[in-house]
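Pasting a structure here, questions to come.
Per-chain numbering from 1; labels A, B, C and D assigned in written order.
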Amino acid sequence: MTEPSTALVPVPTPLLEVRALLMRFGGLLAVDGVAFDVRANEVFSIIGPNGAGKTTVFNCIGGFYKPSGGQILLAGENITGLPSHRVARKGLVRTFQGVRLFKNLTVLENLLVAQHMQVKNGLLSGLLITRAYRRAEQAAIEHAKQWLDFMGLREYANREAGNLAYGHQRRLEIARCMITRPRLLMLDEPAAGLNPQEKRDLALMIDRIRREYNIAVLLIEHDMRLVMDISDRILVMEHGRPITVDRPEAVQSDERVIKAYLGEE
Amino acid sequence: MLAQLPRALIAAVFAFVILAPIFGLKLVRQGMHSALQPHWNIVLWGCAAVFVVQLLHPWLARLFARVRLPSVPALDEEHHLWAWAAVVLLAVVWPFFGGRSAVDIATLALIYVMLGLGLNIVVGFAGLLDLGFVGFYAVGAYTYGLLYYWAGWSFWECLPLAGAMAALFGFLLGFPVLRLRGDYLAIVTLGFGEIIRLLLTNLTDWTGGPDGISGIPSPTLFGLEMTRRASSPEGQTFHEFFDMPFNPDHMVIYLYLLALALALVTLLVSNRLLRMPIGRAWEALREDEIACRSLGLNPTRIKLSAFTLGAMFAGFGGAFFAARQGLVNPESFTFIESALILSVVVLGGMGSQVGVILAAVALTVLPEVVREFAEYRMLAFGFVMVLMMVWRPQGLLPMKRPQVDL
Amino acid sequence: MKHVRTTPVLSAIALACGMAVAAPSLAADTIRIAFGGPVTGPITQYGDMVKEGIYTAADVYNAAGGVNGKKIEVVEVDDACEPKQAPVAANRVIKDGIRFVVGHTCTGATVAAAPIYNNEGVVMVTPSATGPVLTDGKNYEFIFRTIGRDDQQGPAAVKFIVEKVQPKKVAVLHDKQSYGQGIAESVRDGLKAANLEPVIFEGINAGESDYSAVITKLKAAGVDFVYFGGYHPELGLLLRQGAEQGLKARFMSDEGAGNPDINAIAGDAVEGMLLTMPADFSTKPENAKVVEAFQAKGRNAGGAFQLSAYAATMAILESIKATGSEDPAKVAQYMHANSFATPIGEISWTPQGDLKSFDFVVYTWHKDGSKTIAEK
Amino acid sequence: MTDFFPLFIQQLFNGLSLGAIYALIAIGYTMVYGIIGMINFAHGEIYMVGAYVGLVALTAIGTQSGLPIWLIIAAMLALSVTVTGVYGYTVERIAYRPLRSSPRLVALISAIGMSIFLQNWVGLGQGTRDMAVPSLISGAYTLQMGESFEITIAWSRLMIIGVVLVLMIALTLFIQHSRMGRASRACSQDLQMAELLGINTDRVISFTFVLGAVLAAVGGVLIAITVGKLNPFIGFIAGIKAFTAAVLGGIGSIPGAMLGGVLLGVAETLAAGYISSEYKDIVAFGLLVLILLFRPTGLLGKPEVEKV
């Protein structure tokens, strides 16, 4: 296991800032006063027992829920309450707890749909199959091939996404996010349901993505080994409220975290 | 066998309760008062049939399960093109030999092919149930009618405009509506269809109200009118131009070929749409809207293109319908027309172009051929729609989706 | 390297359309007259009225040895009173080589079928379509009608209202359908000319069940006379709900409402209602023989369109007999040039095919279903 | 011209009696939608069947039979409720139960097919012409307000409002307190969960359809007696308007259906009274479109949060 680079990274302007996030469902206060930031090219994890509000924070950031209070800034730009497709276009994409692939489309087609914004989707050019249209289609397929090779899914390109092995489906979902050339990748429990070997590959893949495509990663994960292994910093949450934001080592030894969550390790 | 007996008995009683008041006791007018005319044989036959069917239910179910619908022969690429070429050639040559009224029925069938393919884009490709499709059909027809009535424009000048107006209506009506959930969307579009028809009826001084607009000229061939006498002194008729005796069949065949051309254009466009990025986006959206939104696709804008395209083809169909019939009035644009076009798409198989074409032809030609059963036509439509949804929701000829391969 | 793999199918657009419907054309030893109108659909009763007239005329002529030695044969062609089905029905008539049509029945379908017949040289005589839009500005040669036009029925009503009834406040309603609205508009214009401008002119939704709102509006306006253009179901409800709300106003309507069903719907409220109808020729002594022919087959001679359909068939057959040929052009020319003695009186046509004169008579309708010539 | 107030009262009363009928049918839509989230498009036709069976019963008894009026109406209601209840059960059993797990679109198309089928089924059996219903209750209670305008409250329309009020109260009590009422409320919260807890959901769903059909049948008989004209197509427009009422009140909530029905009846009648009856239907459809656009959950409906 290569030692993650822990050299002191100069404090760059934060890519994502979450200030006093509040989310209420009717009477239930799901998220209360969560605040943290994610710097460019950083791997930032959110951990906490079930029902701590982790996924709700994700959904607020991603624009699926309109937060009841607080602010979310992406590279300084306020994206609070922006609809999810506009947030995605600003380079902030996510995966889901249950893998949400287009099951009846082939693996290749899943990657083509993700490039809908880049491909020439004008009606006329498509109908007349202009040269520009063909070039854009071909470029999209080339780009997809790169990611299929990156994820080792090349041989399954023409197979329907629904028929892939679970591990491969996870990787396709991440590839589908990366193909949109994001700035921040949000992973919602990517390691769930993977065997130890697949978890190690996942850790390597996340690290490699971060370095080669210099994106930041925001992670929700229950697997402590993986979190401690690849995270630069960790936010711990309980009952919708933040307990601490710190480096993995500090979080492991923090009294409150142990009491609230880790219990006896 | 005996296990089924109680079930069969109950079913027979239910059948009696259902049949007796409606079929058993017929209300008839005798002078001032109405009386009941008993027709018990229908009721008894009905109950007996239900009893027998329920009794043999297990065998019938097994027998029925073994019925395999003839699967469609798969042809690869070149055969595919050859097949279409052969069909189109046949369709072009045929009217010169077919009887006049058969060609006329075929023209009506081709209108429904076009409308079916148009609605198929909305329902089949994008999964949006549009119950107000007849509203755009009416907009297309009235655009031609009104432009002729107020500005004297000919069919060829109005055709593109009819499509554009219908597409505009599709855009304006679609925009606020497309974020609604499936069944709400269906009911709102139904409301729009009815509102359009009611407005056409009430705005009498513009749209001619219930009389509508009549005397709409049929299309000309590069300015040559296909009528017995030219409508205006400087106009020229087709048969004078080619100095041959006036033969009314020319008009019928000309209309057929026009309808065929419009239907083919619709087919080619919708065929292309499936293979374009927009087609993939529709399919992805139908499968998982949330995943699409997380990848930056704007669902409303993507659905809107399907809605607007469908409306455009309805507009073209409407203009042609007005030209063929020479008359547009609100009577021909009721909800039942929407349900008819929907049953064409449903019967053929949502998303399957070939299925929709065959269903459109079947649903127009069959009632004409089997004239004596005309009164059972609508009853059969209703029954077929229920049967299809219960038995084969994917339709008679489900099309295998075109796949992009590496 | 992108090729698209689809599993197409050999579609059979042409084959399916190719199922040519080649009905055998009948031997030419009979004179065939087509009935165009609703055999199916929601308003078949109007189609039945026209058919009764045609079949009776055919029976009478066949009993007298047919015309020019040929028997008369009636062929029914269904259009379900839908404009969409009328062209298909018309083309079927032409394909079967039939050159004379009595029909079509509803205005919308008739307007859609007329140009096809005229273009094709088929004589069409409608006994029931009263919309002016059928013949205005069309200069057809082959299209006739043996019924008054909406704008002929309106003036008859106006004359009676202004001279005999002399109401203080009049309201004119219609059912927003081409027949009813046409007549209502001609009545409104007639009344306006006689400076008795209607206080209310409004359309109601046909097929609706609740008209209490418009009844209240009539009561509030203090209306004492209401003219309704449309068919009997709506008028029956207006009468019934009017009585229910104590609306003291006399009602008048067109012959479309002259249907015994109205008594069942409105009950006693129908007493004293006025109707403009073609003169009830069945009571005329010289029509006794014709009325017998109707009753022989259990048909009702006094209905709205029976006698006008009889007259239409008669005019065609008399013209064939007079010209000695079945050439539609000759027959049409003869019909334009002459007048015919028929059960609905002496009829002759204007160049565009409308009856030169068609007198409507005002009747009073009674709650026992009978009708008497109205005095006041 | 009469003064404004009595005219308004009369129009209000007209609207109330019309709205009461819409409410009766709307409850059928709301209950079915609440439990299986499906628009029972054929519900308007069930109402029409109820009206026809009522007329058949009335013709069988005959108006001159000397029986007291209320007994005749009771007999009509009894027969119509039974037959229409069977219709409701059978429609659900054939057209909807097999589609319970299929997409919403499929079930809706099946409902449209069933609606067209039922229209032509009755059309074939009883003919498509207008059938007249002799008026059983005549006479009205008159109230002199203002100098020339006399408000008339027809007994038949008063009967409608009375019967509908009684039914509404009975239904609300039934839903609150009976065992089946509790089961159907559980199902409308979460069908799967109810099944897990041992509720026979198929029986509850069938019961909901039958109850909806029964209420629609009462509406059908009442409209037949008051209005007096039937044809196989009256169900279509009445169905759409009742659905509008259900959505206006908040689909899924029974008090919502009652409120929505009355509001729609009054709105339509006032539009016809003060603008022109030509725009009566346009007001109804316009209202439907506006509600669905701006407040799909209706006045009393519970907002549906889309779970991601």
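FYI, a residue touches a chain if its C-beta (ideal position, glycine included) is under 8 Å from a C-beta of that chain, and two chains touch if they have at least 3 such contacts.
Keep in mind that what you see is a predicted model, and the values were worked out from it rather than measured.
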Selected pair, greater C-beta contact count between A-B and B-D: B-D
Middle chain, criterion being Cα centroid separation: B
Mean-CA-position distance for chain C and chain A (Å): 73
Averaged-CA centre spacing for the pair chain D and chain B, given as whole angstrom: 31
Interchain centroid distance [CA atoms averaged], chain A/chain B, Å: 45
Between chain C and chain D, centroid-to-centroid distance (C-alpha), Å: 37
Chain A: positions in contact with at least two other chains: 64, 96, 137, 141
Numbers and ranges of chain B residues touching at least 2 other chains: 33-34, 202, 290, 375, 403-406
Residues of chain D touching at least two other chains: 123, 132, 134, 278, 281, 308
Chain A residues within the chain B interface of the complex: 62-64, 83-85, 88-89, 93-94, 96, 100-106, 108-109, 112-114, 116-117, 119-121, 123, 126-127, 129, 137, 141, 145, 148, 154, 157-158, 176-177, 180
Of all residues in chain D, those that touch chain C in their complex: 1-2, 7, 10-11, 14-15, 17-18, 123, 128-130, 132-135, 138, 140, 142, 148-150, 152, 154, 156-157, 223, 227-229, 231, 233-234, 237-238, 268-270, 272-273, 276-278, 280-281
Of all residues in chain B, those that touch chain A in their complex: 269, 272-273, 276-278, 280-281, 283-284, 287-288, 290-299, 305, 309, 401, 403-406
Partner chain D, residues of chain B touching it in the complex: 14, 17-18, 20-23, 25-27, 33-36, 123, 127, 129, 131, 176-177, 180-184, 186-188, 190-192, 194-195, 198-199, 202, 290, 335-336, 339, 342-343, 346, 375-376, 378-379, 381-390, 393
Residues of chain C defined as touching chain D within the complex: 41-45, 176, 202-205, 207-214, 216-217, 219-222, 232-233, 236-237, 240-241, 243-246, 261, 264-265, 267
